[in-house]
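Below: a set of structures, written as structure tokens.
One chain, chain A, links the two complexes that follow: it is found with chain B in the first and with chain C in the second.
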Partner chain A sequence: MTATSVIPAPFDESRSRAGFLSRALSSDLPRSRALSFILIAIVLTLALTPLLFSGSQPLSTAAKICVFIVLVASYDLLLGYSGIVSFAHTMFFGIGGYGIAIGLEKLGPDWSSVAIGLIAALALSAVLAIAIGLLSLRVRAIFFSMITLAVASAMAVLASQMSGITGGEDGLSFQLPYALRPAFRVFSEPVFGVMINGRIVAYYLVFFVTVGVFLLLLRIVNSPFGRVLQAIRENEFRAEALGYRVVAYRTAASVISALAATIAGGLLALWLRYNGPDTTLSFAIMIDILLMVVIGGMGTMYGAIIGAALFVLAQSYLQVLMDAGSKALAGIPLLPNLVHPDRWLLWLGALFVISVYAFPGGIVGRLRQGKQS
Partner chain B sequence: MAVNDVSCRFTPGTLTAIVGPNGAGKTTYFNLVSGQLRASAGQVLVDGEDVTNLAPSARTRRGLGRAFQLTNLFPQLTALENVRLAVQSRADAGWSFFKVWNSRRDLIEKAEAVLERVRLADKRHVAPKTLSHGDQRKLEVALLIAMEPKVFMFDEPTAGMSVDEVPTVLELIHDIKQRGDATVLLVEHKMDVVRSLADRIVVLHNGTLVADGDPATVIASPVVQEAYLGVETTRD
Partner chain C sequence: MTDIAVETSAPAELPRTKTDWVPLALVPALALLALPFIGSPSAWVTLTVAGLAMGMMIFLMASGLTLVFGLMDIINFGHGVFISLGAYATLIVLGPLAGWGEADSIGLNLALLGLCIVTAMAVTGVVGAVFERVIVRPVYGSHLKQILVTMGGLIVAEQAIHAIWGASPIPIRLPETLRGAFVIGDIVMERYRVVAVGVGLVVFIGMQLLLNRTRIGLLIRAGVENPEMVEALGYRIRRLFVSVFVAGSALAGLGGVMWAFYRQTLTAGMGMEVMVLVFIVIIVGGLGSVGGCFVGSILVALVANYVGFLAPKLALISNILVMALVLTWRPQGLFPVARR
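And then the complex of A and B:
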């Protein structure tokens, strides 16, 4: 998979811009009015979801979008910025989930268990990423991809076999620290008509960690280090000849990406109060991540926000929409069957093929192009 | 075996031209020195330090700088960014994660100065894939200059350039030589260029060294006349 042919044309970015927003976004602004608008809309909606919508479904969807923004952004660092195709990303996602789950289940529901679980998970992810990187990033790209596939599969088997620790196929359910439980109240009175309970605290924990990790990843891809990654993606041979140790840079990129995926896994486990093979380790999630990166736009970071929001919304609401459509079309031959909720994957697949064909640079690439022409 | 038994010592402040017919092993020799190829036998020493077992990046950091014959750039990054990456490598500033890259104004200014020297300043925001061939060659030279190596290895820097662009590049190479602290190796086909710049000529033929010495002697020697120059003079 080549990531190079879809990057928008270069522009003058060597002047650093002043201002808080520019600093927070590491001088890498959206560079398109439509894109800025969409991003602001998504972020504002996510920030205000607990106040705007009632019920648990919208809040769960929003939390899932947040988690996937971190996960997809970290994968974009690897695929879009470094040109590395890894299939082990869900493994690191799973390690994060299991870290939190095992920590809280074995050590009891308090914050120190969260910290211990997360730190252990981060350490394990780092060690695995370094080992995979040093062993295989110096050889051909396809070999690295195959190794990651093998290690990830082995890890998935391991997680389901070691049921004493991981809960096996059933996964682990656990109690959260008191401040994150539904019974917890921040204030005794409702704020703007909403009772701020532990669920909402948990949501904002997910939200703010997402914002922090995303901004950090955005900073890293725009750092001198991130620039070297892009150089390696463009021309590995020349980057080496310029004096950059390609293997070391690539390994560092895969470690950073793995750590961010681990945090995402931890967030998901905290939100769901559960972690199992299907929620974080499954290969289906790996494919979802790939789709989200490509739909959003590889090598853009902002694509992660749009890709994750669009994909998770489609996953959650496409079936509802199709159900309505199917009912509305009742009586007409063939059509109701075609939009039957059971066909939602078919339509998602069709949407994906069309979007890749029509916007090879993803949604972000398309929006930025529109501005330049 | 592409190159066999070619031993040379190059001293700072001199420019050595490496000449020979197509397929003589000139580029292979460069690849062995800069590390893109590993030699099956022999040693590469820089300032007395053995770099034979080092990767290309490690040799570059020890002062071996290389420009390539087939243009070898970062096609989608701007000309300025191409050069800035070379400057950044020289400044050893790649391992910085939490600063924004353009906060290092000094690196950008240095890159701009190099682009100025190769007369590409007005094309700083153009990506190499849309530059003309001659401009790509100049950018290739710019990357080497930006690395400020101890040893400059130019592999046919003027190949495919239009006549009016050639002097810019030759002037640059001349300036580097005049500075006196750098060792310049130049693979070149054009004998007039070689005559005007070289302090010494090394002639390769079928992967072996057939002549080595000051330009007048080498060009006059019968073996060179026959192996290389003879062919060219009859063609002219």
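And then the complex of A and C:
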């Protein structure tokens, strides 16, 4: 990977700036002008959402994008870099959400409850990830997919059954620490015409944790450890022959990815002030994650940002477009059903299949290829 | 392992591998073990018959998947959609022939069930052929891509079911004479479950005969062991692959019909819901082994029933526990398939 030395930094700024940026991004730059442009646009929009848009809808969409960036990036570590498919990612996502939710609900709305909830959730996730990894990765990577699916669905049922702790199907609503409540004011006067209240503080908490976790994950995949993971993905036998313990590396990757997913779950719960089976644990979210990773680009990390942004926007706005299409096609048999707003997943699914065949690198891979040719 | 004893007395004959009895003995042993805990024999018989029926239905749905994996080394995460599709295909028959189901005649009722099964197998078989050609064929040899692509196929096909039959759950009714239960003393046996056991046994015996007594079965078993060699001997392994995939899909459709009448509600996600059990069963049985799949299905279903009776809270994770125990005992499943 000598790309950074060959291709100039995408910013036309002073050298020291590029050095800092290169270090922050672990020398794994986007390596494509168009890609850099899109990424900067997305990150800037996310950073400035509270100032650019008014109302709660855009802010919620932006927060959801941030949470999914963490979730999808951590899944990319597993799928794209280690080459193993897990269906338990939502389980860890849910554990994070429930950790925060149970902590704040039972222990009262302050920061120590957040810390206790998160730490307990992280510990539980780590233990589960290790157990699953050692049970299934020892034999054959394909076992891992099926076993994670089984364990995750058992956990989902368990969470909805233990209503005394988890609130069952209804989930848990809870109070946030005072600094994150809408009534909280950072300054008594509006800044740039926007009142900085607890909602916006909560948003920036989500945003900066997202940035931190993403950069950390980027660092991990570009470390020697990450290189070993990629070696195992490319050729398991050869990596084993070189003396790397494949099971240990794969299990470690699955633990790291589970921990990041737990944090993402915690963030979502903090943002929504609610956690329930449908928001974090459901299999539908697992499918969403798969779509985001593959369409954004497996094994690129940056694909997570593009995939999450594209998907969440599509979820919110594609349906409007399809509704118009469905009305325009009214009267023709079956066709209006195919573009019915509820069928948006049909088209993303088709895009997913095409992506796996035609662009294994997803959108990011496509943009990088365009740069080279 | 001790089960590779070889008979050397007759050098002209092929060495015979001994049947692996331990996993087979596991099922009756488990059933007997549960008896003192459950106490009343009538409850035990009821639970056992119900568990057997459940196991047979799971086996019907799982057998195709394990067969396809064994021969083609393809793991089809979209298998669940064939179960749903088979279930929805019953609507094609149930719509115009609703009268047969309401008639109080066992002949007509069973004929309706049979017709549903035939239709469902035809539909899922055809869709299976298309699915193999479009979705699976380009990704032979890469498990990762297979999982991803078949998941994609699952999403698209589930949405297509929504688009064709609507998104809301559809209730269906069991044929008249299959409703209710046989009551013998204290023992209660649902009629439909008895039918399910019958269908499951017929399919299992049929598959065993086909695999062990016919030329096609010989080729399939040889293909599981070594596809390149079969090809080198002049057989078109591709054609065999496709027909096994079609047969596997049709079996899923058959399982889907049985499962649909059991649940009496149709949803597009019903196949994916039951896939969790299916995966557990084929892992427990040993990926690729039809016999293992049969034993595994019954084992998992019986344990679920007994545990559900004795400790309802544990029932949710009993399947996972069975799987974990079996994998610690035999990491490749009850009946490991030689090559993989």
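The criterion applied here is as follows: the second predicted complex is superposed on the first by the 316 of 373 C-alpha atoms of A that agree within 3 Å, B and C clash if a C-alpha of one lies under 4 Å from a C-alpha of the other, contacts with A are read in each partner's own complex, and residues count from 1 in each chain.
In this text, a residue touches a chain if its C-beta (ideal position, glycine included) is under 8 Å from a C-beta of that chain, and two chains touch if they have at least 3 such contacts.
Quick caveat: nothing in here was measured; it's all calculated off a predicted structure.
S.K.: Is A:Leu59 touching anything from chain B or chain C once the two structures are fitted on A? First, second, both or neither.
M.R.: neither
S.K.: Kindly classify A:Val201 by the partners it touches after superposition: chain B alone (first), chain C alone (second), both, or neither?
M.R.: After superposition on chain A, A:Val201 lies in contact with neither partner.
S.K.: Tell me the contact category for A:Leu272 with respect to chain B and chain C: first, second, both or neither.
M.R.: A:Leu272: touches no partner chain.
S.K.: Quick one: is A:Arg238 in contact with chain B, with chain C, with both, or with neither? Answer first, second, both or neither.
M.R.: A:Arg238 sits against chain B, while chain C stays out of touch.
S.K.: Who does A:Val294 touch here: chain B (first), chain C (second), both, or neither?
M.R.: Only chain C is touched by A:Val294; chain B is not.
S.K.: With the two structures laid over each other on chain A, which partner does A:Val246 touch: chain B (first), chain C (second), both, or neither?
M.R.: The first partner, chain B, only.
S.K.: Thinking of the overlay built on chain A, is A:Leu135 touched by chain B (first), by chain C (second), by both, or by neither?
M.R.: After superposition on chain A, A:Leu135 lies in contact with chain C alone.
S.K.: Return first, second, both or neither, reflecting whether A:Ser27 touches chain B, chain C, both chains, or no partner chain.
M.R.: Only chain B; A:Ser27 stays clear of chain C.
S.K.: Identify the residues of chain A that lie in both the chain B contact region and the chain C contact region.
M.R.: none
S.K.: Touching chain A in the complex: which residues of chain C?
M.R.: 75, 77, 135, 138-139, 143-145, 147-149, 151-153, 155-156, 159-160, 162-164, 167, 272, 275-276, 279-280, 282-283, 287, 313, 316-317, 319-320, 323-324, 327-328, 331-332, 340
S.K.: Chain B touches which residues of chain A in the complex?
M.R.: Touch residues, chain A against chain B: 4, 7, 9-16, 23, 26-27, 219-220, 222-228, 230-231, 234-235, 237-246, 249, 256.
S.K.: If you look only at chain B, which of its residues touch chain A in the complex?
M.R.: Its residues touching chain A are 34, 36, 55-58, 60-61, 66, 68, 72-78, 80-81, 84-86, 88-90, 93-105, 108, 125-127, 143, 147.
S.K.: Going by the contact rule set out above, which residues of chain A touch chain C in the complex?
M.R.: 79, 83-85, 135-136, 138-143, 145-147, 149-151, 153-154, 157-158, 161, 283, 287, 290-291, 294, 334, 337-338, 340, 342-343, 345-346, 348-350, 352-353, 356-357
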